[in-house]
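Letters are used for the chains, namely A, B, C, D, E and F, taken in the order the chains are written, and counting of residues starts over at 1 for each.
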Amino acid sequence: MMLVLTISLVLFTCAIFVALYRIIVGPSMPDRVVALDMIGVNLISLVAVFSIVLHTHAYLEVILIVGILAFISTVGIARFIERGEIVEHEHDD
Amino acid sequence: MSNSLVFFMVIPIVVGIILIFFRESPKLQSWASIGVVTALFGLGLYLLQEVRTQGILRLDFGGWEPPFGILFVADTFSLLLILTTLLVTIICLLYVALSPRDRMINYYFYPLVLFLNAGIIGSYLTGDIFNLFVCFEVMLLSSYVLITLGGNRIQLREAMKYVTINIVSSWFFLVGIAFLYGSVGTLNMAHIAQRVAESGSDPLLTVVSIVFLTVFSLKAGLLLYVWLPGSYSSTPTVTSALFGALLTKVGVYALFRVFTLIFNEGTLLPTFIAIMAGLTLIGGSLGAVAYTDIRKIAAYNVVIAVGFMLAGLSIGNTLAIEGTIFYILHDMFAKALLFLLIGTMIFLTNKVHIHEMSGLLKNYPTLGWTFFIVVLSLAGIPPFSGFMGKLLVIEGALENGSYVLLALAIASSLAVLYSLLRIFSQCFWGETIISAEEQRPLPVMRLLPLVVLAGITLALGLGVEVVAPYVQAAASLLDPSTYINAVLGGT
Amino acid sequence: MKINDVILKTVVKGVVLIILTFSIYLFLSGHHTPGGGFIGGLVMASAFVLLFLTYDVETVSEGIPISFKKMSAVGVLISVSSATAPIFWGEPFLSQNFGYFDLPIFGKTELATVTIFEAGIALTVVGVVVNIILSISEGSNKWKA
Amino acid sequence: MSTMIEWFSVVLILLGSIMAVISAFGILRLPDVYTRSHAATKSSTLAVLLSLSGAFIFFWANEGFISVRLLLGIIFVFITAPVAGHIITRAAYRSKVKLADSSGEDALKPFLEKRSEHH
Amino acid sequence: MLLFYILFPLFVALGITIVSSKIRREFLGWIAFSVPVVLFALFARHIPTISSSEAIRTTFSWIPSYGIDLTFLLDGLSLIFVLLITGVGALVILYSIYYLSSKDSFAHFYTYLLLFMTAMLGVVLSDNIIVLYVFWEFTSISSFLLIAFWFHRKNSRNGAIKSLLITMSGGFTMLAGFLMLHVMTDSFSLRVILAELPQLTDHTLFYPAMALLLIGAFTKSAQFPFHIWLPDAMEAPTPVSAYLHSATMVKAGIYLIARFTPGFGGDVYWFWVITCVGLVTLFWGSFNAVRQNDLKALLAFSTISQLGLIMTLLGIGSAGINPAIGEAKGLYTFALFTALFHLVNHSTFKGSLFMVVGIVDHQVGTRDLRRLGGLMRFLPFTFLLAMIGSFAMAGLPFFNGFLSKEMFLTAVLSIGDLPIYGGAQVGWLLVLVAWLASVFTFVYSMILVFRTFTGRPIVDEEYKVPQEASLGMLIPPGILGVLAIGLFFFPNLLSDYLLKPAVEVLVEDGAALAPKIYAWHGFNTELFLTLGIITLGIVAYLLLRKWRPYYQYIPSNWTFNTLFRSTLSGYERLGERVTMRYMNGNLPSYFLYIFSFFIIVMWTTWWIVGPINVTFDSPSSMTVYEGLLAVVMAAAAIAILFAHSRLTAILLNGVLGFSIAIFFVFFRAPDLALTQLVIEAVTTILFLVCFNYLPEWKVEKLSITKKVRNGLIAIAGGLTVTIVGLAVNNYTKFESISSFYENSYELAGGRNIVNAILGDFRAFDTMLEGLVLFIAGIGVFTLIRMRQKKGAEPRENQ
Amino acid sequence: MESIIIVLVGILTSVAIYLLLSKNLIRIILGTAILSHAVHLLILTMGGLKSGTVPLLGENAERYIDALPQALILTAIVISFAVTAFILVLAYRVYQEYGTDRMDELRGSNDEQ
C-alpha cells in the first residue's frame, strides 16, 4: 500500500514539475496562470496523500486552503491580465 | 511581579487606538496623548524608586515562569531610558500642540507617536530576545509611517531607503535569533546569557554574536548609518526630533544589553565595536561639515553621538559605562532640542542652507541663545549636560588605555562644535536680512518647549548629583549576574 | 470595456459562503487543531478579497456596510483589553483562563479566555488586510481622475 | 473489510495521480493556452476529485473519521476549478493571446467585433 | 564665601539681562562697574591675611559621587590674579561706558563681561581641577561672545570662531590631561595632586598629562604656535581687548603653568619646553609686531611677545623646584618672582596702551598707522598716556617695565649657569634670542607712540578733526599709567604684599628667597644689555623705512595662520568629498556596504576565533520529494533573477511561497503551512494590485564588473548564512526549552501546541504582532490619502 | 535534511541579496520577500525538522516536534506581510511622485529643499 502511495506521490510531483516548467517557459501569461492553477490542484492531492502517509489529520485544513487560494489567485491574476486593475472601485455600468 | 510595568506599553497602545476614532478632533488627540505620556512619566518615576529599594522588577506575562514565557524586566538602566524617552516625547508633543495645526495631525500623528513610544519602551523593558524583535517592529512600523507622514515627496523617497534597509536589518535580526535558538535553545535573554556563559565562549557563539552586532549596528547607526542622514533630514520637524532623540538610542540600548549581558566575554567584540565606533566618529565628523543643509548637519551629529556612545561601550569599564549612560540621557534631550530648533529655523525662514540665512539672532534672540546652549551642550562643554558623560568616558578610556578612541572622542567633540558653530555664526550672527515686516512671528508658546529642553540640559548638567546614584546603579549592567538572578532566580 | 461576469459572480457567492464557514471553523478549532485567530482572520479576509475581486468596491460596501479600519482598531482593542483584564483581578498581565463547562446542548465544552484574545486578533487581521486592499484601489481612482 | 476499502481508496488515489500526469502531459504538449487550459482544468479536476475521495474513504475506513473538511474541499474544488479555467481562458482571449495555428478559425471574433461596433 | 564672590558677577549679569529693557543704558554700565569695584575691595581686605602665607578656603558640595566639589582657595598666587581681574575689570568697565556707541547693546556687553569675570575668578580660585576646567571653558565661551560682540562683521565672527576653536581644542586636551592626573592620583583636588605629582614621575601618564596640560595653557596664553587666534581676536571692541588680552584671559594659561609649577616644576622637560616655547613666542611676537600697520594688531603681537616673556621666566624658574638644584635655588626663585612681577607690570602698561589705542580709534576713526600721524596736537593727554605705556613696555627707566626687563635679563643669563639641565651649551643662544626680541620690543614701542602722535598730521577731508577724549575714557588709562610709574618707584610694596606670598606658594621658602627689587644694580651685564637694546633700538627705529620692507620677503603662506585656515578648509573639503562619495543616496550602494560589512566581519571573526565545526550531518533523513522540492525552490529562486517580466517574477515568488508551505507540511508544521499559504496568496494579490500603478520592469543594464561584484557579494552572503547555519545545526550542547510546551493541554487547555504558544505562553508577541499589522494598515491608508497639495510650498506645514 | 534546507536557505539568501543590489524598486521588494522566505525556513530548521510528530497533542506520539520555532515563524510571517504591504504601497507612491522606479534616479542632491 505504501508503495502505491509513494508512486502516486511521485506522479503528482512530476505533474507539479511539468507545470513548473510551464510557469518558467510561458510563453504567455495565461499559460503560467493555468500552470499555477494546476500546481494548486496537484498540491491538494499531494497533501491528501501525504496525510495518509503520515497518519495525521493535521493537514486536512491545508487542502481546503490550497483550494481556496488557488481559486482566488487565479481570479486575481486573470483579472490582472484582463484589465490591469484587479479591484474596481465603481460599478461596471 | 509588578503589573504596572506593562502599563508603559499597554496604555499608549490603548489610547492610541481609541484616538484613531477621534480623527476629527485634534485638540482632544493632542491633550489626551500628552496627558497619557505625562502619567506614564509619573509612573516611571515611581518605579524608579521601587527599583532602587527592591532591585530589578519583573513581570512574567501570563504568569509563565521564565524562560518559558515572555517577561518585562525593569532595571535602572532601562527605566532611566524610559523616563527620558517619555520626557522627550512630552516636549515634542507639546511643540506640536502649540504650533499651528498641521495636516499630518489628521493622519494619525498622535496615535503613531504613541505606538512609537510603546515600541521603544517595549524594547527597553523586554527580557526576551524574540519579543525584542517584535517590539522593534512595532517601533519600526510606526517610524515607517511617521517618516512618510507630511506629504513631502522627498520624504517618500528617503522612506523607501529607510524602510528597505530596516527590513534587511530585521532580517539579520531574525537570522541571529534563529542561530541563537539553534545553538542555545532558548529565547529568554537571561537564560541565553546563562547558557552562553556555560558554553565557555564557544567560537560558534562568537560568530553568532556578530550577526547581532550587525543588526544593532544598523539600528543604532553604528558604522552602518547610511540610512540615517537622509531619512532624518527629510521629515517634518517634530518627527526628526523624535527620531533623532529616540530611535538610534534603542539600537544603542540593544547593543548595551546584548553585549553586556550575553556576549560579554573575550576581547574580540569590544575591539570590533571600538573600531566601528572610531570609524563612526570619523565618518560623522566628516559628514557634519560636508553639507550646507542644516538638517543634514544635525543628522550627522546624531552619527557622531552614536559613535561616542559605542566608544563608551567598547571601553567597557564602570566609569565609561556610567559616562555613556549620562551621555545617552543627555543626547536624547539635546538632540530633540537641536532638531526642534532647526525645524523652527526652517519654519521661520523657509530656507534650509546655512548661507541662505543670516542675522536671526536679532530677530529671534531667544531662539538664538537656545541654539547656542545646545551647541555647547552637544560639544560637551560644562556646565551643560553633555559634560559629565564626556568626562567619565574619557576617564574610562584613560583607565583602559584606549588612547585612540580618546583622541577620536575629543576630536569629534571639536567637530560637533565646529559644525554647529558654523550654523550659529552663519545663521544667527551676521547682518539681519529679514526686515521687520517680513519677519514671521514666533509666538512664545512655540518657544516654550525649546526653552524647557534647554533648561533640562542645563539642569542635567548642574544637577548631576541628583541623577548620579541612578546612573551608578544602572552601570550594574557590567555585572550580568544581577540581571540573571533577578530573572531566573524564582519569583 | 464591459465584461460580463455572470458565471464568476454566481459561483463566488456560494464559494464565499464556504470560505466564511471554513474560516470560522478554523478560528474556533484553533486551540486543538491547526487554525486560530490569525489563520481564521486571514481566510476570512481572503473571502472578502475574493468578493472585491469579483464585484467592485461600491457594491460590496453597500452589501457589507462595515468600516474595516475601525474593525481592525476594535480588534486590537479587544485583544489588548482581554490581555489587560486579568490585572483587575490581581493576576499577571495576559493571564489566560480556561475551564470546562457543561453546557445544555454542546455537552462538556472547553471555554477559554484566549478565544476572546484570538477573536481580537482575527478581527484585526480581517480589518487590516481588507483595508489595505481597499485603500490601494481607492488611491488608484483618485490618481487616474 | 476495511483493508479492502483501504485498497480501494489507494487505487483511487493512484488513478488520480495518473490523471494528474496525463493532464501534465497535456500542459506540456498542447499547442496553445486554450487547449492547455482544457487539459489542466478538466483532467486535473478529475485527478483531485479522485485522490481526495480516496483520502476521504481511507480515513473513513481506517479510523472511522468522517472529515467534513475533505468533503468541503471536494465540493469546493468541484465548483471552482471549471470557473477558474473559464476566466483564465477568457482573460487570455481578451488579452489577445494567439490561438494555435491548428485551431482553425476564431469563431468568437466576428461576433465581438460586431458588438464593439454596436457600442 | 569665595563662591559668592565668584557668583556675584554672574548674578548681576543675569539681573542685567532681566532688567535691561527697563533701565537707562548708562546706568547698566554703572551697575556693572560697581561689581568689580566691590569685589576688588573685598579681595583687597584679605591682603594682610594672605601676605602672612595663609590661605582662605571654602567648600561646597556639587557632585560628591564623582569627587567633584566646589572647593575654592584664595592664596598668594590667586590673590594677584583676582586683584588684576577685578581691578583692571573695574577700569575697563568704566572706560567702556564712554567707549561704546549708542548703537551697541549695553545689556549684552555687560552681561558677557560679567560672565567672563565670573569665569576668570573661578579659574584662579578653584581648587578642584574639574571645576577649574568648567570655568576655563567658560572663559573661552564668554570671550567668544565678547570678541563677536559686533557679530554683523564677518571678521568679528571669524575671529571669535578661531579663538574659540583653538582655545577649546586646548581646553579639551587639557581636560584629558586633568583626567590623567586624576587617574594618577585619584583626586581632583589641586593641592593633593600637586603634593603627589613629584613622586609620580615614573608613572606612564606623567609626561602625557604634562604635555596635554601644557597644550591647554599654551593655547590659552597664545603661545607659539597657537598664538594665531590673538591677532584675529582684536576684532573685539577695544575695552574687551584691554581686558581679555592684557590682564585676564591670556593670563589664565600663565596662571595654570604657575599653579602646576610645584607639581611638574622639577622636571627637565617642563623646564625646557616652557622656556623654549616662551622664548620663541617672545621673539616671534616682537618680530611680527614691528611689521603691523594696525595699532591693535601691533598690540596683539606685542601681547604675544610679552606673554612669551612671562612664560620664559616661569620656565626658568621651574628649575627651582628640583630638589637637586641646591645652592642655585635662589636664582630660580628669582625668575619665578620676576614672572609674577612682569605679569602685573604687563597688565598695567598693556591695559593702558589698549585703552589709548581705543581712544585713537574712537576719536579719529582709524587705527591704521599709515593714515595716522601728528595726533599729539589734538590728543595731548592721550599722547602722554601712550608714552608712559610704550616706554614701560620698551623697558625704559622710570617705568615699571624697566625693572622687570632687567630682572628678566638676569634670569635668562642664569640659564647658562644651570647646574643640572645642561643649559651651559645653549645658554648663550637663548640670551641672544631674548636680547634680539627686546630690541624689537623697543622698536615697536617706539612705532606705537611716535608714528601715531608725531609727524605730519594726516587728516583727510573725510575725517573730522579729532578731539581729546572725554574724561571718563582718560581716567582708566591714566590710573594704569600712574601705576606703571608708581611701581617703578615703590616696587617692594607690591613685592611684600603680593608677590612674595605668591612665590611662597610656588616654591618652598619662596618668600625668603625672593629678592628685593632695585632699580640700580650697578654696572653689570644686564645694564649693558639694556643700553645695547636702547641704542640699537633707536637706530633701528630711525632706519625703519630701510629695513621694514624686507618683511614682505617672508613668504606669507608659511604661517601657522595659513596652516589653520587650510586645515579647516581642508577638513571641510575632505568631509564633502568623502561623504558625497559614499553617501551617494543610492540604495543599492548602501546594501553593498551593509552586506560587505556583514561578510567581512563574519569572516574576520572566523579567522580570529578559529574553526567552527561545519559538517553536512543531519539528524533527519531526506526523502525524494523533499529533495525535489528543494530543487524546485532553488530553481524558482534562480529563475527570478532572469525573469523578463515582473509577473513571471511574482509567480515564481508565489511558487517559492507555496513550496515553503509544502515544506511546512513535510516538516510537521500545519499551522505554518496554512498561514504561509494564505499570506502568500494575499501577498501575491497585493503585488498585483500595486503592479497596476508600477511600470513593467526593464532588464537591468549593468556592466559585467558590477554584475560580478554583486554576484560575489550575494554568493558570499548566502555562503556565510549557510556555513553558520550548518555549524549551529551541529551544535547540540543545549536542549531546547520547548519540551515545556508539550504540557500545553494541562497548562493552557490547548492541544495545538503552536496555538497555545501563540495565544498563551507567548501571547504578548501575538498581541504586538496584531498591533504591527494594524499600524501597517494605517500606514497604507495615510500613504495613499495624504498627498502633497499641488503648488504648496515644500515645507510650509511644519 | 537539515543541511539541505540550510543550503537552500543560503541559495535563497544569495538570490535575495542579488536582487537587493539591483536598481529596480520591484526587484528590491522581491528581494526582501525572498529574504523573509529564507529566514522562515532557517528558523524552522534550527528547531530540528522531523524530530517528532506534528505538534498537536493527542496524536499519540512519543515525541513532538519543537513547536516554539513554529510559533516564532508565524509571528515573523505576519510581520513580514505587514511590512511588505507597506513597502509595496510606498513603492507605488514613490513611482507616482517621481515617475521612476530606478533607485539610482532617486538619490537626491545637496541643494534640494
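What we mean here is this: a contact is a pair of C-beta atoms (placed from the backbone, for glycine too) under 8 Å apart; a residue touches a chain by one contact, two chains touch by 3 or more.
Please read all numbers here as calculations on a predicted model, not as lab measurements.
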Mutual neighbours - chains that touch subunit A and subunit F alike: C, E
Partner chains that subunit B and subunit C have in common: E, F
Greatest separation from subunit B - chain, by CA centre: D
From subunit A, the most remote chain by mean C-alpha position: E
Pair joined by more contacting C-beta pairs (B-F or E-F): E-F
Centroid distance [mean C-alpha coordinates] between subunit F and subunit D, Å: 32
Whole-Å gap between the CA centroids of subunit A and subunit C: 24
Rounded Å distance between subunit B and subunit E, as computed from the means of their C-alpha atoms: 27
Sites on subunit F at which at least two other chains make contact: 20, 25, 28, 42, 45-47, 53-54, 56, 58, 68, 74-75, 78-79, 82-83, 85-86, 89-93, 96-97, 103, 106, 108, 110, 113
Interface hub residues of subunit A, defined as touching at least two other chains: 9, 17, 29, 33, 57-59, 61-62, 64-65, 68-69, 71-72, 75-77, 79, 82, 85-87
Contacts with 2+ other chains: residues of subunit D: 69, 72, 76, 80, 83, 87, 94
Every chain pair meeting the contact rule: A-C, A-D, A-E, A-F, B-C, B-E, B-F, C-D, C-E, C-F, E-F
Subunit C to subunit F touching residues, read off their complex: 32-34, 38, 125, 128, 132, 135-136, 139, 143
Touching residues on subunit C, where the partner in the complex is subunit A: 2-3, 8, 15, 19, 22, 26, 33-35, 39, 43, 46, 49-50, 52-54, 56-59, 133-134, 136-138, 140-141
Partner subunit D, residues of subunit A touching it in the complex: 1, 4-5, 7-9, 11-12, 14-15, 17-19, 21-22, 28-31, 33-35, 37-38, 41-42, 44-45, 48-49, 51-52, 57, 60-61, 63-64, 67-68, 70-71, 74-75, 77-79, 81-82
Partner subunit C, residues of subunit E touching it in the complex: 670-671, 673-675, 678-679, 681-682, 685-686, 689-690, 692-693, 748-752, 754-756, 758-760, 763-764, 766-767, 770-771, 773-774, 776-778, 780-781, 784-785
Contact set on subunit D toward subunit C in their complex: 69, 72, 75-76, 79-80, 83, 86-87, 94
